[in-house]
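Take a look at the structures listed below.
Each of the next two complexes has subunit A plus one other chain: subunit B in the first, subunit C in the second.
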Partner chain A sequence: MKIRSPRYNREIPQRYRLEAAKDVEGRIYFPPRVSYPGGEKAEPIRLSNRGKVITYTVIHVAPAEYSDLTPYPVGIIELDDGARITAQIADVDPAKVHIGMRVKVEFRLLRAEGEEGLLCYGYKVVPE
Partner chain B sequence: MREVAVIGVGIQKWGELWNRSIRDLFVESASKAMTDAGVDHIDSMYIGCMSSGLFAAQEHLASVLADYLGVTPAAAARVETACASSSLAMRLGWMEVASGLSDIVLIGGVEKMTDVTGEEATFALASAADTEYEGYNGVTFPGLYAMMARAHMDRYGTTLEQLSQVAVKNHANGALNPDAQYPFKVTLEQVMNSTMVAEPLRLLHCSPITDGAAVVILCPADRAGEFLKDRPRVVVTGSGHATDTIALHSREDITWLKATEVAAKRAYDMAGVGPGDIDFAEVHDCFTIAEIIVTEALGFFERGQGGPAAERGDTAREGSRPVNTSGGLKSKGHPVGATGAAQIIEVTRQLWGEAGDRQLPNPRRGLAQNMGGSGGSTLVHILERR
Partner chain C sequence: MPEVGIVGYGAYIPRYRIKVESIAGVWGAEAESFKRGLLLYEKSVPAPDQDTITMSVEASRYALKRAGIDGSRIGAAYVGSESHPYAVKPSGTVLSEAIGATPECHTADFEFACKAGTEAMYICYAQVMAGLIEYGLGVGADTSQGAPGDALEYSASAGAAAFIFGTNNILARVEETYTYMTDTPDFWRREHQFYPQHAGRFTGEPAYFRHTLGAAKGIMKKAGMTVDDFDYAVFHQPNGKFPTAAGKRLGFPEEKIKTGLLTPWLGNTYSGSSPLGLTAILDEANPGDRILMVSFGSGAGSDAFIFNVQERLLEVRDLAPTTRPQLDENKIYLDYGRYAKFRGKILRNPK
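And then the complex of A and B:
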């Protein structure tokens, strides 16, 4: 097991478990923040793992770490609790992706990072 | 506050300028601007540059550029708001002259983008969005605008032809601009059949990777006569700056550019004018969908009507509201940190009557809108001929 960078490590709660925060006025923040405009405190929550695609694209020209994957769909997903995330849409023919499509969030391998090729995980969505 | 005038401009023909470094690019445009203004010194300078670190492995850029321009010990600062960096330089230079702190201030921008590979450039540009929650998940910069385009098409019925018409129009203008990177016309068919980048956006819906610099000299309006000779006086009457969330997914409305709406309102209010009073504009067409949404957010057209307006030719040179007479980022090129200053140059040249074959008939008031990232920051300036 390789040692992960602190930068990767500190994002694990959000990326692996969808940890977020809800402020006193009910607004959801993902990832959680240091302070909130709505009040001093915000309650820790976990985001819903189901939602729908509100817009999307299919990436044909990608940065190096994703170039083996092209063409791959990416979308903005509105989860059932109202929070929004940007995620790859996996296990689907890119031509079948559409606005309004129901999806669920899954824990997936995303990419290999740096010269040592450290494996980086996070979320993708797949058709519900 | 004092009124501020533009007294000199400098730019080179933009492109893939393999033989010139970031220093060379800046010094070339800055020397031209100082010669154009007829100034032999500057009090200070503000330089916009998005990422001399990632693109050229050089930070502390202000000192590098002041040194190579030969103006040390003048005060110099490099400022950054991604692709809007040199409009921020413009705003800070304007503030410094308006406040009375300095008289002769150089503002400009530079980006050297072709010393890195295409993949490295894609990575550097993506850092203008949310690195941890957008870039990490594989969305590219064109991908963000593609998602805005898809949502705009879904909500308002904006068509691919309308998105493509913006590129056709801007290339037609750029064909008349000797400084443009790609000074040639393109057809609707060429745009719609170009290489796919991020669906539905194709290569000819996207601005290019460019090396270039653009520089403007500012001074108090009441001293402008010393430098302008026969040129009309062009003054800054409005400046607006606003921010929005860094991640596109955090915005209430993905088809809108709130920071542009707010920055424009601030500039309009300062100038005491409204969108109907603007004769022409340079706007941030990093992708053609951006020009469509920006023309709506500036109040030129109703929400959702930017596409039909482009298709009707309203934004063409001979239309009711010419947009991007320079060719825009699309044809003129987009050395990200230099783009805002180049917009100020085009607006100034149009108001001076020095825009050559693309000159508009007697314009009085022009606007420049420049944004960073997917709209996370925007600056708007209004310039008027006196």
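And then the complex of A and C:
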């Protein structure tokens, strides 16, 4: 995979700090957008770092750069402020993951671009 | 001079562990000799998606919670480690970005074998003392490596401790600092080498003990204090034996040492070693208690601090995970095969 520095750089606010936006009706947008429906303004917020598993799947056949991690669970996580994110569920036996499981967000290495490229960091979740 | 001290602290220990038996069994060594001789039972292992940067971020987030401040108020963030993930590109930039300290934040990566963490703490303390910054974040973190089969493989582990220094709402006031440093060739790693070299028994008396005892005696003399003035002491912990012996030689009774002694079940977290011991002490110390901390880094040198615990500690201690539960609970044990895979010790074809 070739270096994707500009894209990685653009996504730092949401991947590192869970930066999102909340509009006047209380709707949360993650990641934040350039513009919002109806031209509404939205306030920047940071999402909660705790939540629960809404649903999940276990990846057995992964893209090459994740193949060392198989089998690994990936879930849709509802954070305590209501926003939903997709994240890998780390530090857990996949057989023990269940719907409703409490999790917390941790800062992890998402991928390494080979031996020479960028190290790409962001969020995963782990059992609480 | 303003009063300066720790206003927030955080510890992070990965969940994975490997027992001494699992390593000894592979190399035909006797686990008992490591347990009895060096007081080592098991060690932490970083997950494949963890490194010095990720653990620094977690420890620093806990420190910010206890400090009750936003990351944007951190004026300097320094990471001390001998396992910075990049050879060129600071760990501190990722850390500062992750806690929201950028762009008005000084950062640099420190390296001084196992004492890089206390270097980071000292520079933060000094900058706050000088009035250059309001808050400084000093982190000691490592995912240290021991060569397969080497004695270091039984101890080299992973963890991070973060300390925020400031002048408001101090948890532990700095009463004194002291450094004892010489050029001593006890342990090193040359550029592009995977694993460090060490000078065997030379790492003991002329290196660890000379500097650790020198710094401990030096700071007590400078402060006009004796062993009786301290309720806790924590020393760098390359294994369980050295800090226990150092404490004994200085005259500290065992009960003043045991709270901060994590290595028998954690391993040597290098730059995180004595800093993590300090977090375990802060987890249980009471206002008025006095703590002696002495780090050691090969090369070689020791930094010493005297902390005086303040009332504020009791209010914020439980705002983030404490250290002992991270060490004792939710452990996931690895066999040597998975450990070798996690640590990249298996020779493979490039992908």
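As a convention for this text, the second predicted complex is superposed on the first by the 119 of 128 C-alpha atoms of A that agree within 3 Å, B and C clash if a C-alpha of one lies under 4 Å from a C-alpha of the other, contacts with A are read in each partner's own complex, and residues count from 1 in each chain.
Heads up, the rule we're going with is that a contact is a pair of C-beta atoms (placed from the backbone, for glycine too) under 8 Å apart; a residue touches a chain by one contact, two chains touch by 3 or more.
If you're wondering where the values come from, they're calculated on a predicted model, not measured in any experiment.
**Student:** On subunit A, do subunit B and subunit C fit together or clash when superposed?
**Tutor:** Partners fit side by side after overlay.
**Student:** Quick check for you: in the superposed arrangement, does A:Leu109 touch first (subunit B), second (subunit C), both or neither?
**Tutor:** A:Leu109: touches subunit C, not subunit B.
**Student:** Nearest 10 degrees is fine: what angle do the Cα centroids of subunit B and subunit C make about that of subunit A?
**Tutor:** For this superposition the angle at subunit A equals 150 degrees.
**Student:** Does subunit B (first) or subunit C (second) touch A:Pro127, or do both, or does neither?
**Tutor:** In the superposed model, A:Pro127 contacts subunit C only, not subunit B.
**Student:** Touching A:Thr86, do we find subunit B (first), subunit C (second), both, or neither?
**Tutor:** first
**Student:** Once the structures are superposed on A, label A:Gly75 by its partner contacts, choosing first (subunit B), second (subunit C), both or neither.
**Tutor:** Touch status of A:Gly75: first partner only.
**Student:** Just subunit B (first), just subunit C (second), both, or neither: which does A:Glu43 touch?
**Tutor:** It touches nothing on subunit B or subunit C.
**Student:** Between subunit B and subunit C, which makes contact with more of the residues in subunit A?
**Tutor:** Counted on subunit A, the partner with more touching residues turns out to be B.
**Student:** Answer with first, second, both or neither: which of subunit B and subunit C does A:Tyr16 touch in the superposed model?
**Tutor:** second
**Student:** Answer with first, second, both or neither: which of subunit B and subunit C does A:Ala64 touch in the superposed model?
**Tutor:** Both: A:Ala64 reaches subunit B and subunit C.
**Student:** Across all Cα pairs of subunit B and subunit C, what is the smallest distance in the superposition, given in whole Å?
**Tutor:** Across the overlay, subunit B reaches subunit C at a minimum of 12 Å between C-alpha atoms.
**Student:** So which positions on subunit A get touched by both subunit B and subunit C?
**Tutor:** In subunit A, positions 64, 69, 110, 124 sit in both the subunit B and subunit C interfaces.
**Student:** Taking the touch rule as given, give the residues of subunit B at its contact with subunit A in the complex, in rising order.
**Tutor:** Within the complex, subunit B touches subunit A at residues 119-120, 122-123, 126, 132-140, 142-143, 146-148, 150-151, 154, 195-201, 247-250, 254.
**Student:** Can you check the complex and tell me which residues of subunit C touch subunit A?
**Tutor:** 15-16, 47-51, 53-54, 57-58, 61, 85-86, 94, 97-98, 100, 330, 332, 341, 350-351
**Student:** Using the touch rule from the top, collect the residues of subunit A that touch subunit C in their complex.
**Tutor:** 12, 16-17, 64-65, 68-69, 90-91, 106-110, 114-115, 119, 121, 124, 126-127
**Student:** For subunit A, which residues count as touching subunit B in their complex?
**Tutor:** Contact set of subunit A toward subunit B: 11, 15, 30-31, 54-64, 66-67, 69, 71-72, 74-76, 84-88, 94, 99, 110-111, 120, 122-124.
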